[in-house]
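Encoded as structure tokens, here's the structure I'll be asking about.
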Amino acid sequence: MAATDALSAGGLKAGLDALPLLPANRAPLATEYPWPAGQKAAMFLSFDVDAESAWTAKDPARYGELVTMSFGGYEARVGTPKLLQLLRELGLKATFFITGWSVEAHPAMCEAILKDGHEIGHHGFHHVMPQPGDPMLVEEVDRGLETLKRRLGVVPRGYRAPSGEFCEELRVLLKDRGLVYTSSFRDDVRPYRHLLADDTPGLVELPVTACYDDWLLGLSQRYSRHTLLTREQVLSIWTDELEEVRDWGGMVTTVLHPQCSGRPMRLKLLREFLQHTQALKDVWIATGAEIADHFIACEGNAA
Amino acid sequence: MAATDALSAGGLKAGLDALPLLPANRAPLATEYPWPAGQKAAMFLSFDVDAESAWTAKDPARYGELVTMSFGGYEARVGTPKLLQLLRELGLKATFFITGWSVEAHPAMCEAILKDGHEIGHHGFHHVMPQPGDPMLVEEVDRGLETLKRRLGVVPRGYRAPSGEFCEELRVLLKDRGLVYTSSFRDDVRPYRHLLADDTPGLVELPVTACYDDWLLGLSQRYSRHTLLTREQVLSIWTDELEEVRDWGGMVTTVLHPQCSGRPMRLKLLREFLQHTQALKDVWIATGAEIADHFIACEGNAA
Amino acid sequence: MAATDALSAGGLKAGLDALPLLPANRAPLATEYPWPAGQKAAMFLSFDVDAESAWTAKDPARYGELVTMSFGGYEARVGTPKLLQLLRELGLKATFFITGWSVEAHPAMCEAILKDGHEIGHHGFHHVMPQPGDPMLVEEVDRGLETLKRRLGVVPRGYRAPSGEFCEELRVLLKDRGLVYTSSFRDDVRPYRHLLADDTPGLVELPVTACYDDWLLGLSQRYSRHTLLTREQVLSIWTDELEEVRDWGGMVTTVLHPQCSGRPMRLKLLREFLQHTQALKDVWIATGAEIADHFIACEGNAA
Amino acid sequence: MAATDALSAGGLKAGLDALPLLPANRAPLATEYPWPAGQKAAMFLSFDVDAESAWTAKDPARYGELVTMSFGGYEARVGTPKLLQLLRELGLKATFFITGWSVEAHPAMCEAILKDGHEIGHHGFHHVMPQPGDPMLVEEVDRGLETLKRRLGVVPRGYRAPSGEFCEELRVLLKDRGLVYTSSFRDDVRPYRHLLADDTPGLVELPVTACYDDWLLGLSQRYSRHTLLTREQVLSIWTDELEEVRDWGGMVTTVLHPQCSGRPMRLKLLREFLQHTQALKDVWIATGAEIADHFIACEGNAA
């Protein structure tokens, strides 16, 4: 993208002068399709399974720092099994976006997710943040796809950007590789279809809800800049967001990590929140594939 | 300003020795004029509309980082429309300080603000923080003025400094360009008139109330250093500040951003706070132009 | 101090090897003298008046950044007058540690403090943090002394370290200049007498209570790394600390800044906290000079 | 470890390519042995006694910064004595991991811990964070051992990593020196036995519970990035974690520091939390040696 190159050369003023006078995301607003079967809103229940790759992506030498690694390793030893048990108890299916490295290093954990009938999505291989011009973009996507297929027999339909960044090159690449939806952007409360720079349609977006990212609520690690929130605080935040989105007829997307939400105190509040949401009776708790399929069907009916 | 140059040359001690022994802001305290029609206090209800320019101002290459951009893009897709709807429901008029870039990139969003009868203020073009000696100061102001005029037919009366910084050169420039008031300083709870370095009067200041800056309450972005506050916490802070200022007979100024306060959980609490304030019956909720006009009229009567 | 020089030369291991195997502060524990007249504990009510010098100390060029300056300027325009009014209403005397620069730049504010009968203490001239080997140490102390004397006629008895750091050289200097007490260290809940490196007695210390430093509770500025605490949270913290210290028979020391605690929402909670403390009837709310004098008298009686 | 060296040479992609596709910690899950005498869960009550060494470990020149030092010095003057008194009142024994430097500089404090019958563990000498390839690893361990033996007559059985990092070299070293357990990793809620890189068994691990690290709850120091949590917030977090772990039949490990939890407001909440835990009647509050011995006995019975 020539425009982007111009933005980083020649100093601040030259870069600002080169900025397009256009929205960075030119996708039009999607039609407000109704949710299935009388539901007022939807919750895309999803987890990001990074394990140690959350910590090695920026500095692989940290692999030798065994306590830092143990934050990630908690996922395989405790966090994911406990979350799977919770989902079984509540009768819920979720989407787990898993890095290829985690599949290679912790195959039993991933097989257990698959065996319980949850959807498995693509989350890169080494959890490298996808940035414009990054030479690892293609390898991250293709090695992730190859690993999910070889180790789990899975051809993923959904993708979540590791560390939550994106670029045009990646939008094109994911479409080319046959992915159906992404869940990475923060600019809507409804599904919409991406519009690529060449004006062709891209993947379906199931936008992320920032306040449901447990990494931002403390407890993720000792170096976190965030102070720990209590259960009462998190539940206040989560129910407020859900209640308002329900009034709007929109959707929320959780971005939970077994190394955070699999910790005892966090799992306790997640249980309470999911039970609360189920008791509402009119919020459709669904996987990404289910929501994307519904959106695509609505698109088709409308066409 | 020769004094300022001396402050940054020659090391710390030389800089400290060169510091004037005078307040940085030499404006005298303003008379405590009464508020209109028996009101005990005033609330300047204002929003800063930055969209993507909040993120590109320091590094335009981020325009290609599509998730970071999507925090800003939320304003046009969801945040601003939802806030406009809330203001209609409550029968309130507010001031929206909009960057020129946002007007160019999101004209429909800005036209909707204008159509609803809200005041539109100046907020720079690229959201570049105005610092002493910055070579972009004049261009930021003039290109912003030109854009508001050409795209919206607006000649703004008020200005809010992007990223909340200011300098003498800007005070002079805004006066020269005919602006009437700014809302950027943090040193008072009443309107006052600036005094320029040449001892002539400057614009009217409607001081900002830091605790009403939603950017500081978490949720603005995943890189925020602030942990998310709950609705109960924000309402406690906001009502405490309002209650005390009301006893003092002063004013508060909100600094809300559609990419924060347009989020579902934040809009929910803003609705509650505005309804609470309206129910007090003696707080004048007004635009910047209304408050500045009132202050200027009082000045005139007193002269 | 030769030992200290060795600590910073020759790399980490050499520095660690050179560390003395001794407490950094060798002052013995003080006798637990009773508080006057049946009081169970003491509260040293003190304020640090930095104004703009809180912001220029590390980078004087910021003097031209007028919004940053306005955080400090709030002290003279609003914060200090409002706090003085509160203290009058409650019938309390406090100690105000004032930088020399603030006296020069805001003489009326400082004269009002003096006129109300509060104690005025030394807080440096430019608010430069006193660090070992700093060439400005002597000038900061002497210029502060000279300014307090010339502008206010005050010979201060107490000193609080700007930005809360200290070194042996400063302990010696303050003793030489005739200061009686400091209130800067964080290692006790009772007054004690410093022991200098040459084994002679130093000043009396009235230790600071970190949780009463309002700079750490948010609201100090937009760049603060701290998220804003609510009134309920601050009161919980402040009353917990006071209650436990009261059981211990110790003292607490507030470190409040008019640019924080003079803000409406913070003044509101300070009023509530001081009224609560007064209602306890057995906490001696006093100035630093009063507490130091009491300690010195007890020392004398015990000798 | 040749693999680790490869990770830090040749740029990001080369490092990522060299990452083993294996868990960083290959220890198998331990059997879920029952706790003694009908207890449902265990609490390993432990403190880290760093004193000034918490601050000098990275920069020994800070030894001359006397206020920074005074945060650490609080341990000897007030924090540890008050905590010992609390433990006596509650009839509890705990483990204190003490740096060798603290033993040398504050022998009376350490003798008092020993005299009260608490377990003393190894916490390095200078509190240097153990990182892969660090040339001080051996000296830190051996000088710590020598100091505990010479000054206190203690041969420690347990070790906690200063600043909470670890590496393979250290696992081997501690086994070689005869240590029995460590309490440093964050990847489980039960004791387990380490598996070394050469496939031989290592020490027993008593995993740390991050939310019980008082350093992360604010109050540790003025430079802390964490905002202060109230007693109500900390108790909510601590009881949630304990309650869920109790349902799981696991263990929690406190990581408390006398310079934090020995502060009045923190000691108050610790008293309340320990009384609450004691009242449960089915949580085994124990030292590290007791829990490690129990685990080893279970291992033996199972073999």
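Labels A, B, C and D are assigned to the chains in the order they are written; within every chain, residues are numbered from 1.
Just so we're on the same page, a residue touches a chain if its C-beta (ideal position, glycine included) is under 8 Å from a C-beta of that chain, and two chains touch if they have at least 3 such contacts.
According to UniProt, the chain labels map to these proteins: A, B, C, D = Chitooligosaccharide deacetylase.
Because the structure is predicted, anything quoted here is derived from the model rather than measured.
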| item | value |
| --- | --- |
| Neighbouring chains shared between subunit B and subunit D, ordered by label | A, C |
| Same-residue or different-residue interface between subunit C and subunit D, half as cut-off | different |
| Whole-Å separation of chain centres (CA-atom averages), subunit A against subunit C | 48 |
| Distance between chain centroids, defined by C-alpha means - subunit A, subunit D (Å) | 34 |
| Two or more partner chains touched - positions in subunit A | 225, 227, 233 |
| Subunit B residues touching subunit A - in the complex, by the definition given at the top | 51-52, 56-61, 63-74, 76-78, 82, 101, 104-106, 126, 128, 135-136, 219, 221-222, 225, 227-228, 230-233, 263-265, 267-269 |
| Interface residues, subunit A side, partner subunit B - complex | 1, 3-4, 7-8, 12-13, 15-16, 18-25, 29, 131-133, 161, 164-168, 171, 184-189, 207, 210-211, 213, 216-218, 225-227, 229, 233, 236-237, 240-241, 243-245, 248, 250 |
